[in-house]
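Following this line, the structures themselves.
Shared chain: chain A. Partners: chain B in the first complex, chain C in the second.
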Partner chain A sequence: MRVARHSFYEATARRRVDGLLDQNSFREFCGPAARIVSPHLPALGMPVAFDDGVVVGEGTIDGRKVLIAAQEGGFMGGAVGEVHGAKITGLLERAADVKPEAVVLLLDTGGVRLHEANAGLVAMGEIQRAALSARHAGVPVIVAIGGKNGCYGGMSIVARSCDWIIASEEGRLSISGPEVIETVEGIEEFDAQDRALVWRTMGAKHRRLIGEIDALVADDMGAFRSAILNFVGRPRPLDLDALEAEHAMLSRRLERFWDCADGRDVWARLGINDPAAVPALDADSFNGLVGALEGGRS
Partner chain B sequence: MEHLEFDYDGTGAKPARAFALAGVVGSGNLEVLIEAADLGGRCAAVVDTSVRGYGETWRQVLADFFARHAMSDVRVSINDGGATPAVVSLRLDQAAAEIKDASA
Partner chain C sequence: MSEAASAMDRVLVELFGEDHGVVRDAATLTGVARFDGRAVTVVGTADRAVIGADVALRLARAVLDAMRDEPGRPILVVVDNAGHRLSRRDELMANNGCIAHLTRCLDAARRRGHRVVGLVHDLAVSGGFMATGLSTDLCYALPGSEVRVMAPAAMARVTKIPLDRLEELSAVNPVLGPGVENFIRVGGLEGVWDGDLMAHFREALSRPLDGADMRRALGESRGGRSAAARVAAAVRAGAAA
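Presenting the complex of A and B:
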């Protein structure tokens, strides 16, 4: 009998938390019954959510203590408002105090909630500072991306300030979204309706191949759980050497790929024989390809 | 936005759990927070909806819900993004099933 797959993509934020943590280990902070809702949305005549679109709390994964936040992509595109942001910031500040084995951020977001513009922007800065403080305290911050909204805007900057990023193929990571680029630069530059182009530019496979995410997994709760466990308790160095190494990597990357007009050109230059086949590879085949490329490089 | 409050007779047992949440606030969707509350055996419902003018429909959908699920001392709070009555009933049933589930 084939066991039904448990999709991360299809799950709500609460189901994702339940699916990743040990059974009955989750304890929520500022839960829906506390009704800590957006003070801005009612003024605009818009409905609020009792958790302001993010679930935060503590629990265990394979017995190891973690703090976890999960954005609900179905509420206002997972966008970060004042309360939503404060909940994530508070969780990361708590991590610096109680030092769990990791903080896990399940991001599913378009970025700042524009209805709360200034408060949302301030929240981004606070979240990023708190993430770096948690890392400075030795707590690894692990990001997982695999929902409908991908990870865009300020939260993409937050994600890249963390230790590790895991994504499914469905995941996307970019500062500006496809529609924004099309609006600003023109449809000749970027056609937001071209789904394949969007994924070749911002999709998880491309991000994995150019080194911006650390693990690509199938859209499966168990696969996400295993990948997260692999990074629990493993902080990356956060010092001047690490920062300079990152800058050197970015300079080398720009030098190597600056004239590439499409993700496929980048992949060909990386040494992939059949770049056109990459989008159709399943996670296992794709990771085999990544392994072969990394083996060939060393 | 429209704010509505309703009050119904309680007919059954108190819920097994403290609260349950079903659904997500979005276009055509809603969230239902159902909680045990000391209401002297009665049941209450509070609705905040983005669509004005459907108070009578809400009253009937919620009356139908409390008639189907024998409960007392329960408060239902709803944030609505314009869900149809069928979706509202589905989310109410999901929330009721969860708050009655003593095993979870």
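Presenting the complex of A and C:
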């Protein structure tokens, strides 16, 4: 029998933080009481949020000290503006100073907040550099994706600059949103209404199968918590050998799959007997399949 | 050769001479040029290229080679793109992962003591700017070039703010509209290279830097991003408010 789930997808940023950290361990930095809002939205007649759509602070998971940021997907699609971005950058810079056992980034975002576009874009460059600085200081940076917005735009580049990525079956990770591709290149290139196509191209299962993410979990707070704990205190190497290994992995991917038109073609070529069945697999069955594929390779 | 390509070539010739050694393969530029008697790796794109997964990997290879071949060799990143490539195939291959790899290579080069200088020629758009210019130590633009997140008409559609209102606001707030001047003010660009390119490049190569990310401080002092430096510092200090 299955126990009732505590959905990560449905939760707000604050509930995600509460659900993942040890009870009463969270201490927020520059919280809503400080009312640090966007200096740009009022001029556009847009509402502000007292946390500018991101919660940052420190706490513990199973007694282990972490810094954590959670984007609120309900505020402007989790988009990165000047203050929002500066909060995440400051958190990552703090990580290099105080060296917690991990930084956890709960990303739920469409990318740059267009209402403050230039500040948002530069902020993402700063977040990325700060994430890499934290890593160079020996602090692993763990990304979790499982909200309504997925992880798009520049933040998808940030995510792939971190140590580990965890996503639920609902998670998506890509640079371009489906609507953007359809609008610019036409419906023949990408039909954004075709949800199954979106998931086969950008969804967490495809990303796990091609090696873009490290763990796929069910949409459950406890499952995310366990997966995060598994990576706490485990930095990945960041030296020239690691970059060469990444280069070899990505080059091999393009050589093997560049002519594939669909996720199903990629999965078939990976040795999956019934690619059409992949989207319907639950997390456990899917992870069993991944385990069998990886076992077969080694 | 297109007009834009010949303009690009003029820049390379002005910096490195007729035998600059930079080779163009489709939209990518790679090569080892000489400047003031030392080798400089040149890597980048031309003709408003779109940065696809394959392009990102080609550029990353050149950066990795620079690190392997000669520790400390300066790297000039020529930035000329219309953003990342919008295609189903690139997304299927995870273009974000390939671009992240390129930016991580540039970041590694910076940290290993290669001076990484960016130069925007003609155009840099959003993810294409993040893939290149935002991963340098110092990024400059040539006169007449443009940096933007999105063209104003598209931005008006997406934000549902009327175009004329958007343009009016862009004129007073540098975080909103396209333009090199705006990106200078928010700290995303160091400045414009007009006149003697060699003198500018020489200065960029010799400027002492301590590795700290100066872009927020620049944005603050230039009045383009007044909140970022203060907010990031407060969070870094663990302040409640």
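Simple rule for what comes next: the second predicted complex is superposed on the first by the 295 of 298 C-alpha atoms of A that agree within 3 Å, B and C clash if a C-alpha of one lies under 4 Å from a C-alpha of the other, contacts with A are read in each partner's own complex, and residues count from 1 in each chain.
Here is the rule we go by: a contact is a pair of C-beta atoms (placed from the backbone, for glycine too) under 8 Å apart; a residue touches a chain by one contact, two chains touch by 3 or more.
The model shown is predicted, which means the values in this text are computed figures rather than measured ones.
S.K.: Check the residue A:Thr12 against both partner chains and state whether it touches chain B (first), chain C (second), both, or neither.
M.R.: A:Thr12: touches chain B, not chain C.
S.K.: Once the shared chain is lined up, is A:Ala33 touching chain B (first), chain C (second), both, or neither of them?
M.R.: It touches chain B and chain C both.
S.K.: May I ask you to decide whether A:Leu121 touches chain B, chain C, both, or neither, giving the answer as first, second, both or neither?
M.R.: Second partner only.
S.K.: Output check: A:Pro42 vs chain B and chain C. Expected answer is one of first, second, both, neither. What do you get?
M.R.: first
S.K.: Determine, for the superposed model, which of the two partners chain B and chain C contacts more residues of chain A.
M.R.: Of chain B and chain C, C contacts more residues of chain A.
S.K.: Once chain A of both complexes is superposed, is A:Phe75 in touch with chain B (first), chain C (second), both, or neither?
M.R.: first
S.K.: Name the contact category of A:Leu91: first (chain B only), second (chain C only), both, or neither.
M.R.: Touch status of A:Leu91: second partner only.
S.K.: In the superposed arrangement, what residues of chain A touch both chain B and chain C?
M.R.: 33
S.K.: Please give the residue numbers of chain A that touch chain B in the complex, ascending.
M.R.: 12, 14, 32-33, 35, 42, 45-51, 72, 74-75
S.K.: Which bits of chain A are touching chain C when the two form their complex?
M.R.: 27-31, 33-34, 36, 39-40, 43-44, 56, 58, 82-83, 85-87, 89-91, 93-94, 97-98, 112, 114-126, 128-130, 132, 136, 153-154, 156-161, 173-176, 180-181, 184-185, 189-190, 201-202, 206-207, 210, 212, 238, 240, 243-244, 246-247, 250-251, 253-254, 257-258, 260-263, 266
S.K.: For chain C, which residues count as touching chain A in their complex?
M.R.: These residues of chain C touch chain A: 53-54, 57, 60-61, 64, 67-68, 84, 86-89, 91-101, 103-105, 107-108, 111-112, 126-127, 129-131, 134-135, 148-150, 155, 158-159, 161, 169, 173-177, 182-183, 186-188, 213, 215-216, 219, 224-229, 231-241.
S.K.: Tell me, which parts of chain B touch chain A in their complex?
M.R.: Against chain A, the touching part of chain B is residues 1, 18-19, 21, 24-26, 29, 31, 33, 35, 48-50, 77, 79-81.
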